[in-house]
Every structure is written in structure tokens, then in C-alpha cells.
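Each of the next two complexes has subunit A plus one other chain: subunit B in the first, subunit C in the second.
== the complex of A and B ==
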């Protein structure tokens, strides 16, 4: 089976191309560090497999995700390399192309974002570029899929590689010859490439060569010299001469507005307020202006027509009381109680996808870099945090792109404070019931609270147990894009369908589990809810939550189920309170006060991460101690903050 | 009879869905990984 590796700088559209070239759909984001693991997809024309590798600037790895690429090059078999280059940044991107060419496999170059390059005044002679590099280069526009069929053909036809040898000067060439001889037949890789990477102090190549048992010979050949500077300089000279030949630049038609917009949205003082204002508008639109009426329609359908129809069907088949209660009070109440919020979740994801794809979110990382520096982290940590708004699991995985161990650990520990979509149904339920005219503002405040607390914890950890050296954040700002409708809707659907999938699995199972332990009690089946096993379990822990304003067995039981998956909290409540014709929100008003309702939402935001998040924290930290800490400290923080809110809130609400 | 079979099927599916979800979650995979789809926010599924 033909295998092609997809290689390139971060955030230049590799994954968008991967999705166009294969039958897969992987998450894309207009910022760097989205891909942290390799992904395999089958090419559309059945010519083989395409392996999407994390973006990297150089084959010498600095972070964990970059190690994935080097590990792939050293240890896996593949036939060719599809190197994606940003047509706007040829001078930097070609450094990686040279390394791919030196590796010795056939290289196909995808010259991406040629449309943006044209807008910026660049014209690239791609046929001359192909000739000079000895490769095939194909102009592409990943967002629209332009050039993809040509790329597929080129991948299918990739033949033998042409030898690419850059002259690094007498001294380095002599060393390359010596190292090549020392390696001899011990490695199947291109010896010249290995030698150059060795001279560049690529740690993974050094370890690989040491593994061949030639450590001492290599040390004797190289001594203590480093040739990094000379090699990079030679490459720069080559690239500059190449660009002079193949690129023409004209000021005519160059677009000026992106620079002006950047100056404003990344402004030292105005950048953050602009971001907060945009997010405020997003939340208002999602929860107050558009989402709430749509949710009411779904609610009306599930609670009305659908339930009536189901009851008729159950009567027609002569369903037993047990089956009737299981379906109506268990499945419809539990799963339906969560599905009601699907419109709001989709609308929120649509807005977030728009901001991501437009290039704005990368600017926020720059704005946050300055801000986060005060708290002991940098902007790179903010990207996993933003990803965590979708789901904490991939957010924690995205921390792999952070080079500093200390920064990575702090990011992993604080990412669960970012409010994932699973918590949204709880907010919408309570905000709708208690703060109906300010739903958007209330939900927005919870997201902001999560960020603020994450920053405070970060500061405490950086000053105490996780003191370390500072690291810097370098990011290449992507071009602004008007998001393509197809990409936007696909991205929204991919984010949102996870929620619907959960409704059919874990929420369904959780609802039935909750219903079962609420249907049975010590005295048998079909007991009063207050005499059920669920009431007994919830009642046992309930006094702990009394100081927070929600010390009822119902709220406690819902919190316990939330460890499995946060969505199940609302399902549990829907089942527990489905005892009258009132809506769930109306039931909540009888049990909670506005202060205790807000305290409950804050507790849901902050308390123990869900099972999947805890497992991924253990997988990423490989430490039982940090995993236990990641579960214990949010519980303490949640308890303290919810207590304060309940007590102080009583004076305001 | 029909009620009994339907109840058993529902409970059986719920048990299976619960087992499958908890197994995947305890491996640190989110919901979309469990369904074999792409992840909703980044690439995390093995």
C-alpha cells in the first residue's frame, strides 16, 4: 500500500487538504498546534494512504507533537512526502522543504494559499519552482479544494526521487562524508540526510545513530563543534536565490486592511476588551436572541407531540406500566431533557467555528500572551484552553505542543476549568429559569469565571510547586479568511454531532440507570421518588452541599452522575423532577434560589473533571499524583467559590 | 410478552452503551472517538 506523509509548517492548511484528499474529516482550526498526533486517511482515488503529521518548523523536534513527526521519519515506512508550503511565506517554509528533499523520498509540493499570496502582491512561477527543486509543485487553495485533484494524480504517479544535494561548503561537506562512512550500511535511511541532521544537533537523530553503536566514532569526528549556524545560512542563501528567480512582487492590488485590523484587535489595551465584547455578543446571540426560541420549539415538540405519539404507541401495543414509565419518564425525560439544548449548542459552535476559521482566534492567542505572561504562562497555553471550550479531552491533548514541561503541566491542570459544551445544558436550564432576560450574560460570566480562575491557579502554581524558567511564544499570524460556508457548516456539524451521538449512548444509558435506581427502592418497585435508592444515595451526601445552597438529595444525585459525563446532570434532573406537568425550569424555581442556582452552575463549571478528562490527564502526565491533584483541587475550589457565591448572592438576588 | 421483550432490549442496549462509553472514557477518549468519528476539537483518537 502506497503511503504518503503530509508535512509542513503549522497552520498552513494541511488538515484542510487532508480532509479534501481523503475520505476522512479531521478537525481544522485557523491556528497552529491543532494536530498533535499523526492521522491516517485513505486517498480518494484509492492510490494509497495519506498520513497527516503535526505541523513543524524544523525536523529537529522541540515539543512532543514535533517528536511525532521525527519518530515517523525515522521508524515508519512510507513512499513519498507531500510537502505543503504557504505561498505567502516561501522564504521560511522552504527550509523544511529542503530537509524533506534531503531525506531522499519523492517530494510533491503543494503550494497552498496562492489566492492570498496574489492578494498580497506575490506571483509565483510554480513551473520554475518545480524545475529548480526537482519536484512537482501544484498550486492549491485548500479552503476551496482547488488543486486537490491534481495533487491526487501527482501522489498516485510519484516515482523515483531526484537527488537533492545542497553544497554546504568544504568543511561541512567533509564532515558529512566522514559521518556517512561511519554510518555505512548500518542504517537504511539516507546517510547524507542523517549526517546533516546530526550536524544540526537533532536529538532524535543523535539518539538513533547512538542506537546503531557508533557513538564514539561520531564524537571523534565532530568534536565539540556545532554547525547549525553555517548550515542554516547556506540554506538561506539557496532559498533567497531561488525566490529571486521564481517570485515577483507588485505593490499593485496589495490589500492593506489586514494590517490595520491586526493593529486594532491585537492592541495592547483594546485587544482584550474587543475580544470580551465579541464573545459577549456571541453568547447573547446564542442564548438570548436566537437559541432560546429555537430550544423552546424543540422542547414543545419533545414534551408535546413526540411524547403524546409515544404514549399512543405504547398503549396500542399494551405496554406494561414498567415499560411505559421506562420510556416516558426515563428515556424521553432524560434524553429529551438534554436534546432540547441542541439548537443552542449548534449555534454557539457555528459562531466559534466562524471565529476560528476567520483567523481571529490566533490574534487572541497573541493578545492573551501578554496577559498570561503576568500569570506565568504564555499565549501557547491559551490555545489548548480555547480548544477545551469544545471538550476538555482534546484541549488537554493539545497541550502537547507546549515545549516547557512546567507550562504543559499547568495547562493540563487548568484546562478543565474551561467550560466544555457538556456543561452548557445545565447553564441554559438554570439561566433560563432564574435569569431569563439575561441568559447570555449569565452564561458568558461562567465562561469568564472559568478563565479567571484558571489564570489565578496558574499564578499560584507558577509561584509555588511549579517554578521554572520562562518560555517564549512565537506565532505566525494566519491570513484573515472569510470562512467558506461548506467548511463552516461541516466544522459546526462535526463539533455538534458528538453531542447528538452522546444522546444515543452515554446519556441514554445514564438516563436509564438513573431511572432504574429512582424506580426501585428498599420496599420494591415503583416506589415514591423520595423512597428510592437514588434518594438514599443522594441524601447520604446532600448535607455536604447544604452550605452551598443546594443540599437536596436531588441536586446531589445529579452531581454524582456528572462525573461520568456532565450532560447526564440535566438528564438526571429531568428524570428526578418529571413528576408534574410543569417544565423542569419551573421545578427548579421551587427548589433553588437565584443565588443557589448560580452557585450550582459555578459548582458544575469547576468541580471534578469528567471520567474521560481524568483518564486523559493520567495518560498525558503519566502521574497518579498529578491525576489525583487534578481531581481534588477543582473540588475544593468549586466548593469555596460556590459557598461564597451562595452567601454573597443572597444580598443581591 | 411484547412489553417484556422491549424492556429487555432497551435495558440490554443501555447496558452495552454504558459499558462501551465507560471503557472508552477510561481510556481518555471523548464521545466522538467512541463513535469512531473524528474528534470534535482536535485529533486525539488513536
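== the complex of A and C ==
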């Protein structure tokens, strides 16, 4: 099988091209660090496999990603390299291209973002570039898929490689030939490439050569000199002369608007208000303008047409009362109660994907950095926090792009305080029932409370347990892009499909489970709800919550099941009260006071990360201790805050 | 003179980089920010927050406390 390795800098559209060239499905994002694990895709024309290597800068590894790539070059078999370079930054990107050419396998160059280059005033003579480098280079625009079919053709017919040799000067060349001789037949790799990487102090090549048992001979030949500077300088000279030949620059073609937009959105005074305004628009659109009407349609369909149809089918096949109740009161009530929120969740993710792909997210990091610095974090932590408003799972995964361990850990630990969209159904239900005249304000106050508590916890952590590590901040601001519809929908779907998946698995199973223990009791089947096993379990723990104002078995049972997924709280309540979502609110008023309802909402906001979030916290921290802490401390915080709210709230509401 | 003391739209060349955090240093190098690079300050933020500068067509943002460790000569 023909195998091609996809190599290139971070943030240059590599993952987007990967998606266009292969049949398989991948996560697409502008935020660096998205491509961490090795991914393999099938090429569209069935000509072989494409291996997506992490975005990286240099074959001599500094970061984990670079180690992955170097390890791949040394230890895995492949036929050719597809090197994606950013047409806007040839002078840096070509350093990697030279290293790939020296490796000796056929190289195909994808000259990406030629549209942006044009906008910046650069025109690149790609046929001349191909001729000089001795490779085929294809101009591409990853966002629109332009150039992809040419790339596929080139990959399919990549044959023998042409020798690429850059003259590094007499001294280095003689060393290269010495080292080449020492290696002899011991290695199957290109000996010139190994020699150059060795002279560059590439630690993985050094240990590879040591593994061949020629350490002492190499030491004798090299002495203690480092040639890093000279080699890089030679390459720079070569690249500069190449650029002079193939690139023409004209001020005329240059478009000024990106600079003007940047001057505005990162403005020292207007930057923050603009950001807050954009977030306000996003939330308004998600929850009021577009999301709510769509949710109503879904609700009407599930509660009306779909339920009626199911009931007809059930009676037609002569289903028993048990099965009928299970399907209608268990599954449809439970799963349906959650599916209603799918439109809002997808719209929120659509906006978040748009902000990511357009390049605005990294500007937010800059705008928010000074503020986050007060709490001991950096601006990059703000992005996982925003994504967490959609769902904590991708939010915590987005923390990967933060370089420092301490910053990453704090971000992971506090992200669950960001109110994810799964908690929204609970707020909508309670706020609608108890605070119908100022629903919006109540829901907004919960979001703010989550942020404030996250910042307080951050400050405490960075002053105590994690005080020894300082926070750093450096971010590259990618060029603005109008996100392409296909890419946008794909990344929205990637983020949101988790919810549909949850509805079909955890929530489906949870609904059946909850219904079963509510249907059966000590005295048999179809018992009164108050005599069910669910009532017994809830009743056992209920006294713990009495000081918070919701010490009923129903609320307690809903909280316990809410650990599976926060949406399940509403499903549970729908099953417990055996009513549809429409009339659930009316039932609530009988049990909660406004103060205890608000305390309950706050408790739901804070009490514990859901099962899926706990799993991702463990995966990202690889620490049982921090995972347990991430579950335990929110319980304490939630209990204390809900207690205060219930006591103080009695005087207000 | 250092990068942090430039005014917006000032152009300069990096003369020395010293005493900067190692991770910041590595990232700067791979973005093409090194001694001899031409830079142009494009934005500053309030209260000593990060600044944005352009280097080889890339927009890079670092904190002010790091920017003042990058010595520059104006052109």
C-alpha cells in the first residue's frame, strides 16, 4: 500500500487539506494543538493512505509533536512526503521543506493559502519553484478545496525522487562525507540526511546513531563543535535567493482590511467591549433569536405527532401496558426532553466554530490576557472557557494548546464551572416556572456566577498549590479567513454529534433505568411513584439537601442521575412527575419555593462535572488525584453556595 | 530601546534577546523572531497587557514583560 506522510507547520490548513484529500472524517480547527495523535486516512482516488503528522516547525525536536514526527521519519515506512507550506511565509516554511528533501523520499509540495498571499500582495511562480527544488509544487486553497485533485494525481504518480543537495561549504561537506563513511551500510536511511541532522544536534538522530554502535567514531570525527548556526545560515541564504527568484511583491495587490480589523478588535479600549458585544450576539442568537423557535418546533413534533404515532403503532401491535408505559413515559419523555435542546446546542457550536475558523479566537486570547493575568492565568485559557459554554468536553480538550502545565491544569479544573448547554434545560424549566418575568436575567446570573467562581478558584490555586510555576503567554495571530461553509458544518457536527450520541446511549439507557426503578417497588410492578425504588433511593439521601431547600426525594433522585449527563435531570423529573415538559413547570411550583429553586439551579450549575467530562479530565491530566479533586471540590463549593442562596434568598424572593 | 517601548507602527530591528523564558524563546525562534529580524509594533493593550507585533508577515503577541527583554534598534 502506498503511504504518504503529511508534513507542515502548525496553523497552515493542514488538517483541512487532510479532510479534502481523504474519505475519512477529521476534526478541523484553527487553534493549534488540534492534531495530536497520528491519524491515517484513505485517499480519495484509492491510491493509498495519507498519514497526518502533527503540525511542527523543525525535525530537531523541541516539543512533543516534533518528537512524534521525528520518530515517524526514523522508524516507519512510507513512500512519499506531502509537504504543505504557507505561501505567505516561504522564508520560514522552506526550512522544513529542505529537511524533507534531504531525507530523500519523493516530496510533493502543496503551496497553500495562495489566495491569502495574493491578498497580501505576493505572487508566486510555482512552476519556477518546482523547477528549482526539483519537486512538483501545487498551489492550493485548503478552505475551498482548490488544487486538491491535482495533489491527488501527483501523490498517485510520485515516483523516484530527484537528489536534492545543498552545498554547506567545504568544512561541513567534508564532515558530512566522513560521517557518511562511518555510517556505511549500517543504516537504511539517507546517510547524507542523517549526517546533516547529526551535525544539527538533532538528539533523536544522535541516539539513533548511537544505537548503531558508532558513537565513539562519530565523536572522534566531530570533536566538540556545533554546526547548527552555519547550516541554518546556508539554508537561509539558499531560501532567500530562491524567494527573490520566484516571488514578486506588489503593494497594489495588498488588501488593507485585515490590518484595519485587527486595529479595531484588539484595540486597547474598544477590544474588550467589542468582544463582549460579539458574545452577547452569539448568546442572543443561540438562545433567543434562532434556537428557541427551532426548539419549539422539535418539542411540538416529539410531544405531538411522534408520540401519537408511536402510541398508534404500539396499540396496533398489541403491546402490553408495561411496554407502552416504558416507551411513552420512559424513553420518549427522557430522550425527547433532551433532544429538544439539540438545535440550540448546534447553533452555539456553529458560532464557536465560526469564531475559531475565522481567526478571531486568538485575538480574544490577546484581549483577555491582562485580565486573566490578574488571576494567575493567561489569555489562552479563556478560549477553553468559552468553548465550555457549549460543552465542557471539547472545552477541556482545547486546553491542550496551553504550553504550561500549571495553566493547563487550572483551566481543566475550572472549566466545568462554565455553564454548558446541557445545564440550560434545567434553567429554562425552573426560570420559566418561578421567575417568568425575568427569565433572561436569572439565567444570565448563573452564567456569571460560574465565571466568577472559576476565577476565584483559579486565584486560590495559583496562590497556593500551584504557586511555584509562573504563567507565560505567546500566541501567533492567524490571518483572517472567511470560514468555508463545508468546513464550518463539518466542525460543528464534530463537536455536536456527541450530544446526539449521548441521547442515543447514556440518556436512552438512563431513561429506561430511571423509569424501571420508578415503575417497580418493594410491592411489585406498577406501584405508586412514592412507593418506588427510585423514591426509596432519593429519600435516603434527601435529608442531606434539606438545608439547601430541596430535600425531597424527587430532587435528590434527579441530582444523582444528573451525574450521567446534566440533561438527565430534566428527563428524570419528567419521568418522576409523569408529565410532559410543558406541564412540568406547573408541577415544580408545588414543591420548590423561588429561593430553593434558585439554589437548586446553582447546585446543578456547580455540583459535579458530568460523566463524560470526568472521563476527559482523566484522559487529559492522566492523574487520578486531580480527577478526584475535580469531582470533590465542586460538591463542597456547590453545597456552600446553594446553602447561602437558600437562606438569604428567602428574604428577597 | 526595547520592543515594549516602541510606539504603534514603529519599525525596528531586533538587536538582542536576553533573559526571556525558555518556552517563549523557543516559540519566538520557530516563528522567525530572532536577532536581525525586522519587527513592527502593531498594537499595545492597556495596563501593561500584551502587545502585538509583526515579524516576517506574521502577527505575534507576547506580554509586555517579555517584550521589554527584546532589545531593538529603530530604523
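Basically, the second predicted complex is superposed on the first by the 449 of 653 C-alpha atoms of A that agree within 3 Å, B and C clash if a C-alpha of one lies under 4 Å from a C-alpha of the other, contacts with A are read in each partner's own complex, and residues count from 1 in each chain.
Operating definition for what follows: contacts are C-beta pairs under 8 Å (C-beta built on N, C-alpha and C of every residue); 3 or more make two chains touch, one makes a residue touch a chain.
Quick caveat, the model's predicted, so the values are computed rather than measured.
Looking at the shared chain after the overlay, A:317 reaches subunit B, while subunit C stays out of its contact range. Residue contacts after overlaying the shared chain place A:373 against subunit C, while subunit B stays out of touching range. When the two structures are aligned on the shared chain, A:639 is found in touch with neither subunit B nor subunit C. Once the two complexes are overlaid on the shared chain, A:533 sits clear of subunit B and of subunit C alike.
In the overlay built on the shared chain, the residue A:354 is in contact with neither subunit B nor subunit C. By the touch criterion defined above, A:510 lies against subunit B but remains apart from subunit C after alignment on the C-alpha atoms of chain A.
Put subunit B and subunit C next to each other and count what each touches on subunit A; the higher total goes to B.
Touch criterion not met for A:563: it reaches neither subunit B nor subunit C. Contacts of A:618 after superposition on the shared chain: subunit B is touched, whereas subunit C is not. Subunit A residues in contact with subunit B (one complex) as well as with subunit C (other complex) do not exist.
On subunit C, the positions that touch subunit A within their shared complex are 21, 23-24, 26-28, 30-32, 42-50, 52, 56-63, 66. Considering their complex, residues 2-4, 6-7, 10-11, 13-15, 17-18, 20-22, 24-32, 34-35, 37-44, 46 of subunit B touch subunit A.
Within the complex formed with subunit B, the subunit A residues making contact are 24-27, 29, 34-37, 39, 52, 317-320, 322-323, 326-327, 331, 387-388, 390-391, 393-395, 397-398, 421, 494-499, 501-502, 504-506, 508-510, 512-513, 564-565, 610-613, 615-620. Residues of subunit A touching subunit C in their complex: 57-58, 62, 88-89, 91-92, 120, 259, 262-263, 266-269, 271, 362, 365-367, 369-370, 373, 379, 403-404, 470, 472-477.
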